[in-house]
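Listed after this line are the structures, all set down as C-alpha cells.
Across the two complexes that follow, chain A remains constant while its partner is chain B and subsequently chain C.
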Partner chain A sequence: MKIIKTDELLNLINNLGKEMDIWAPVGDSFERVPSLKTVEIPQGTTHFSAKEIFFPKEQTLLTYKREDGNFELDSVPLPDAKGVIFGLRSCDLVAIAEMDEFFTGRTYTDVYYQKLREGMLLFGVACKQAAPTCFCNWFDPDVPVNPGVADVYLYPLENYLLATSTTERGEKMLSSFPDADEESLEKLERFKLESIASLPEKQETDGLADRIYELFDDKQFWQGTFDRCLGCGICTFVCPTCHCFDIQEEIINRVGRRYRLWDSCQFSLFTLEASGLNPRPTRFERMRQRFMDKLSYSYKEFGKYQCVGCGRCVVMCPANIDIREVIAKSCTVSRGGG
Partner chain B sequence: MDSVTSQIRERAKALLSEGKVDVVIGFTEGTIPFTARPVAVAHPEEVECLVWNRFCRLNLASYLRQFKDKKIGIIAKGCDTRSIAILCTEQQVNRDNIYIIGIPCEGMLSRKTLRERFGDTPEKVEIKDDIIEVTTSGKKESVPISNFLDTACRFCIHPNPVVYDEMIDDEVPIRVSQEEHYSLLREFEKKSPDERWKYFREEFSKCIRCYACREACPTCYCEECFVDSLNPKWIDKGFSESDLSIWHLTRLYHQAGRCVECGNCSAVCPVGIDFNVMTQKLSLDALQMFQYEAGMSIDEKPLLQTFKQDDYNDFVM
Partner chain C sequence: MNSENPYLPLSSELVDLWFETDDRQIKSFVVELPDSKRFDYKPGQFCQLSLLGVGEAPFGIASSPDEKHLLFTVNRIGTLTSALHELEKGTEIGIRGPLGNWYPVEKMKGHSVVIVGGGYAFTTLRSLFLYIASPKRRGDYNDITIVYGAREPGLLLYRDEFDRWSKREDVSVELTIDKAYEGWTRHIGFVPAVLEKVAPSSKGAYAVVCGPPIMIKFTLPVLEKLGFPPERIYTSLEMRMKCGIGKCGRCNIGEKYICYDGPVFSFEELKGLNADF
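For the complex of A and B:
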C-alpha cells in the first residue's frame, strides 16, 4: 500500500495523458478529457458504464471489395488505442473482469476487444459512501473497497490517497511512492468499514440462481414486472456486463464493411432465426430473459452472476423496473410446498 | 392523502369489484426519487397502491395493446386520452373494452431536469402546492415546481381529458395559448437551414439505438418496425449521421397527424434527445394544412386515411 498526494496523482495521470487518452467520469458517462483536474468523483456510478471504451457500440470488423461477383478481403482494422481510465468503481471493475472472461478468457479470444482492453490502464476509486441504488454487497460484501482488476486502486482519505495495485504495470507506476504508514493504514481500515456500512441491508443471494431458475415458468412471479416493461434496450445498454452484439453488413459502391453493434435481448430480432422461428416471440419472454441471464444462467454456467449491483438499470429504466425487487421477491416466493 | 389519489383508488376498487374492468392501469410509488411507476391492478384489494402525483409522467396509452384481450380501466391525462382516441380510430383497441378515468393534468415534472439539479438520489422529495422540497446531503432546498415541468407539459394545450368515461376532479385552466404552444418551433424556424441541420445532427448523434422512443410511443406499434425489417432491409443500423437521421426522421414522419405531443419519446430517452421541436412541427402541419388535431375525437377518421376534395394540395405541382 502506497501513499500518494492528490497533486502527485494528478501529475501521474496527466503525464500518462501525454501519450494516451485520459478517460474520466463526466456527467452521465466516461468521456475523454484533455487533462484530469480533480480526483473527486461523484457518489455512486455514472449512468453509462465504461464498457463502451473496450466494447464500442459500433465497431468495424473487416472491409472488403466486391468485383465480378467475388468478394475480396480488403482490411481487418484492428483497433489501436491507449488510454487511462480514471474513476472506475469496484462494481465496474468486477464487470470488466467478467467482460474480460467473456471476450478473452474462454475458448475464443476476441482480438478486437483484447486490443482495446490491453491498451487501457484502469484506475479504480473506492466508494466512500454508497448511493441509495447501490447493492453490490448483495453479491460480494467487500466489493465497494475491492481493487479487482484495477491497475491502480485508490482509497481517497482526507487530503491524500492510499494506492494499491493488482498488476505489474500498476506496481511499476506506484513504485516511486512511499509506503503507507501505520496511521494511514488504520485510517484505511476505518474507511473500509464506513464504506461497507453505507450499503443497504444484504438480500439473500445464496441459492439465487436456482430460485430464479425454478421461477422460469411462474407467470405470476413475472407479471408485475412485465406489465410495466416498455421493451426498450436501456437496461442492457447501461449494464456494465451486457456484452451481446449483432453483426451487420453494409455495401456502398462495391465496397463492403462488416461491423458489429450492441445488441439487446430485449429486441425482437435478437432471437429471430433464419427459419422465421423466434423462441422468444413476445416481450414477456424477452423481459424475463434479462433476469434469467443476469441472475441464473450465468451463475449456473460460469459460477458468476452477471449482475454486479451497480444499480444503473434501476436508475435508468423509464418505467422503474427494479432488479432488486425481483431478487427480493424470489426469496419470499415458495414453490412446490406452498 | 391527496384527494385525486383517494378518488382514483375508490373508483378503481368499484370498477374491479363490479367486474366492469379486469384490470386498471395507473401509477404507483416508484422505488427511486422523482418517479411514479406504471402498474396494472387486477384485484380490488390491490388498489391502495395506486397514486397520483406530479411524477406520473409516462403516457399510459402505450400499455393498452398488451391488455387487448381484457376489459381495461385506465387512468388518463389529457395526452393519454388523445392517444387512446387514436388507438381506437386506428382499430388497435376497442373503445367498448376501455373505461377511461380522466384526470385533469397540471403538468408533469421532468425526472431528467430534476436529476440534473439535485442528483439521482436525494434523501427526501416533497411537493407542497407549487413548491418542490428536495433534501440532498442533509440540506433542504425549496424550488418552484414550474422550473422542472417537462417540456411537452410546459407547452401543453390539452391538459384536460378529451375522451373519457368519467372525470376525477375539475378541469384545469389551459396555461398556454395556441400560438405559445408552438413557441419552441417558432424560435427554431427563425434559424438558418445550417443552424437547423446542426441541431438535428447534434440531437441524433446522441442516439444509442435503445429504441426507447419507439417503445414508449403509444402510436409506434407496427408489428415490424421499418428499422427491424430484414427483407427488404430499408436502412442500416449503424451510428453514421445518415443512419441515425433516417431512423429518427422516418419514425417521426410516421407520426404525422397521429402525434399528440405527449413528450413520451423525449422523456424516456436515456441520452436526452429533445424531440419537442419536431413533434410541434408534426402537429402544426396537420393543423395548418388540414385543420386537424390528432386524437380529439374517436369518431373522426385518422388524418392520413381520408381524402377530401378541398384538402390542402399546394405541394402538388
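For the complex of A and C:
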C-alpha cells in the first residue's frame, strides 16, 4: 500500500496523458478530458458505464472497396487506442473482469475488444459512501473497496490517498511513492468499514440462480414487473455487463464496411427469424429474458452473476422496474410457488 | 476459421450451383476454399456465409468431410439468401467456420443410427449419412436407416443421390411424400407415420431428427414409443444468429448459446432448459 498526495496523483495521470487519452467521469458517462483537474468523483456510478471505451456503441469490423461489382477486402482496421481511465468504481471493475472473460475467453478471442482493453490503464476509486441505488454487497460484501482488475486502485482518505495495484504496470507506476504508515493503514480500515456500512441490507443471493430459473413459468411472479416494461432497452445499454450486439453492413461512396453496434434483448427484432418466427414475441418474454440472463443463466454458464449491483438500470428505467425487487421477491416465494 | 480474427471471413469460390427443388426456392452451392487444410469439420457443424455489401447468415454444412468441396443448400427466404440465389458460378463469397458442435458420431460407433428428416432440413443429415455410411466407416456402425419426407417429390433434396443410396444393400432408405402423386412408388404419408410403420429397432440405437417444428413435435412421441430414450435422440436447433461464436448474445435458449454450445443437442439436454417457446 502506497501513499500518494492529490497533486501527485494528478501529475501522474496528466503525465500519462501526454501519450494517451485521459478518460474520467463527466456528467452521465466517461468522457475524454484534456487533463484531469480533480480526483474527486461523484458518489456512486455514472449513468453510462465505461464499457463503451472497450466495446464502442458502434465499431467497424472490416472494410472493402467496390469496383465494377467486385469487392476488395481491405486490411482489417483493428482499433488502436491508448488511454487511462480514471474513476472506475469497484462494481465496474467486477463488470470489466466479466467482460474480459467473455470476450477474450471461451474459445474465440474478440480481437477488437482485446485491442482496446489492453490499451487502457484502469484507475479505480473506492467508494466512501454508497449511492441509494447501490447493492453490490448483495453479490459480494467487500465489493466497494475491492481493487479487482484495476491497475491502480485508490482509497481517498482525508487530504491524500492510499494506492495499491493488482498488475505489473500498475505496480511500476506506484513504485516511487512511499509506503503507507501505520496511521494511514488504520484510517484505511475505518474507511473500509464505513464504506461497507453505507450499503443496504443484503438480500440472500445464495441459490439465487436456481431460484430464478424455477420461476420461469410463474407468470404471477413477474406480474407488476413485466407489465410495466416499455421495451426501451435502456437497462441493457447502461448495464456494465451487457454485451449484445448486431452486425450490419453499409456501402457509402463505393467504400463498404461491416460493423457492429449495440443491440438489446429488449427489442422484438433481436430474435426475429427470416421465417417470421420469433421465440420472444412480446415484451414479457424479453423482460423475463433479461432477468433470467442477469440472475440465473450467467451464473449457470459462467459461475458469475452478470449483475454487479451498480443500480444503473434501477436509476434509468422509465417504468421504475427494479431488479432489486426481483431478487427480494424471489427470496419470499417458495419453489415454483407465488 | 481465421485464427487471428474470428470475424474475418475467408474468401472462397462458388464453383457450382443448381436448383435443388422444383419450386426453385432451394439451391445448392458448391464452395471451394483456397486451402482445404484450414477446414476440418464434422457432420452437424455450420458456417457463416457472407456477401460483402449484403451480410452474413448461418448455414449447416451439407457435405461430408470426405468430399473435396463444401456443399450448402439454401432456402430463399430473406435478404442474404435471395442474394445468394442470384449469384453466378465463379463468384467469391465469404465463409467463416466451421462453427458449433456436431452429431455424436463417436458415441454412435457400434450402434444403429436412424436419421429422420423433413423438408429442406436434410442438409447436415446428408453430411451425417455420408460420413457414417462411407465405405471406410460403414463397419463402425450397425443398421443405418433414413426416413425422409417432403410435401411432394419435387421438394425432396438430393434426389439423384437418394436414388443411388436406395440401391445400397447396407442402408435402408425410406422416402415419403405427404399425398399420392403420379409416378410415386414409395411411402405416402407424414414422416412420423412412416417412421412408426418402418419401426426401426431402438436397441442401443441413436436417432437424429431435423425438420419443421411440427414434424419434430409428432416424431418425438413415435420415437419414444419405439423405445428411444431422450439421451439418444438428437436434433439441430436454429435461432437467429449474428456472430456465430458465442459473443453477440442473441441465440440463447436458457443458459445455452445455440451457436456455441450447439446447434446439436440431445432431447435429454433440452428437457431441463428454460425455453421461451
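Simple rule for what comes next: the second predicted complex is superposed on the first by the 328 of 338 C-alpha atoms of A that agree within 3 Å, B and C clash if a C-alpha of one lies under 4 Å from a C-alpha of the other, contacts with A are read in each partner's own complex, and residues count from 1 in each chain.
Note that a contact is a pair of C-beta atoms (placed from the backbone, for glycine too) under 8 Å apart; a residue touches a chain by one contact, two chains touch by 3 or more.
These numbers come from a predicted model, not from an experiment.
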For the combined arrangement obtained by superposing on chain A, do chain B and chain C clash, or do they fit? fit
Between chain B and chain C, whom does A:L62 touch in the aligned arrangement: first, second, both, or neither? second
Just chain B (first), just chain C (second), both, or neither: which does A:K115 touch? neither
Once the two structures are overlaid on A, work out the angle chain B-chain A-chain C from the Cα centres, in steps of 10 degrees. 90
Looking at A:C244 after the superposition, I want to know if it touches chain B, chain C, both of them or none. Which is it: first, second, both, neither? second
Scan A:K187 for contacts with chain B and chain C and give back first, second, both or neither. neither
Applying the touch criterion given at the start, work out whether A:R106 contacts chain B, chain C, both or neither, answering first, second, both or neither. second
Looking at A:S296 after the superposition, I want to know if it touches chain B, chain C, both of them or none. Which is it: first, second, both, neither? second
Going by the contact rule set out at the top, does A:E273 touch chain B (first), chain C (second), both, or neither? second
After superposition on the shared chain, which partner residues are touched by A:G256: those of chain B (first), chain C (second), both, or neither? second
Least Cα-Cα separation in the three-chain superposition, chain B to chain C, whole Å, stands at 7
Taking the two structures together, which residues of chain A meet both chain B and chain C? 246, 248, 272
In the complex, chain A touches chain B at residues 28, 42-44, 47, 57-58, 131-133, 224, 227-228, 230-234, 237-238, 246, 248, 250, 259, 261-262, 264, 267-269, 272, 283, 314-316, 318-320, 322, 324-325
Provide the residue numbers of chain A that touch chain C in the complex, in ascending order. 61-62, 64, 66, 71, 73, 76, 78, 102-103, 106-112, 213, 216, 242-249, 251, 256, 258, 260, 263, 265, 270-275, 279-280, 285, 288-289, 292-293, 296-298, 300-301
Which of the residues in chain C end up touching chain A in this complex? 4-8, 11, 50, 52-56, 77-78, 81, 92, 238-240, 242-243, 245-250, 252-256, 260, 274-277
Of all residues in chain B, those that touch chain A in their complex: 30-32, 35-40, 58, 62-63, 66, 119-121, 208-212, 214-216, 228, 230, 236-239, 267-268, 270-271
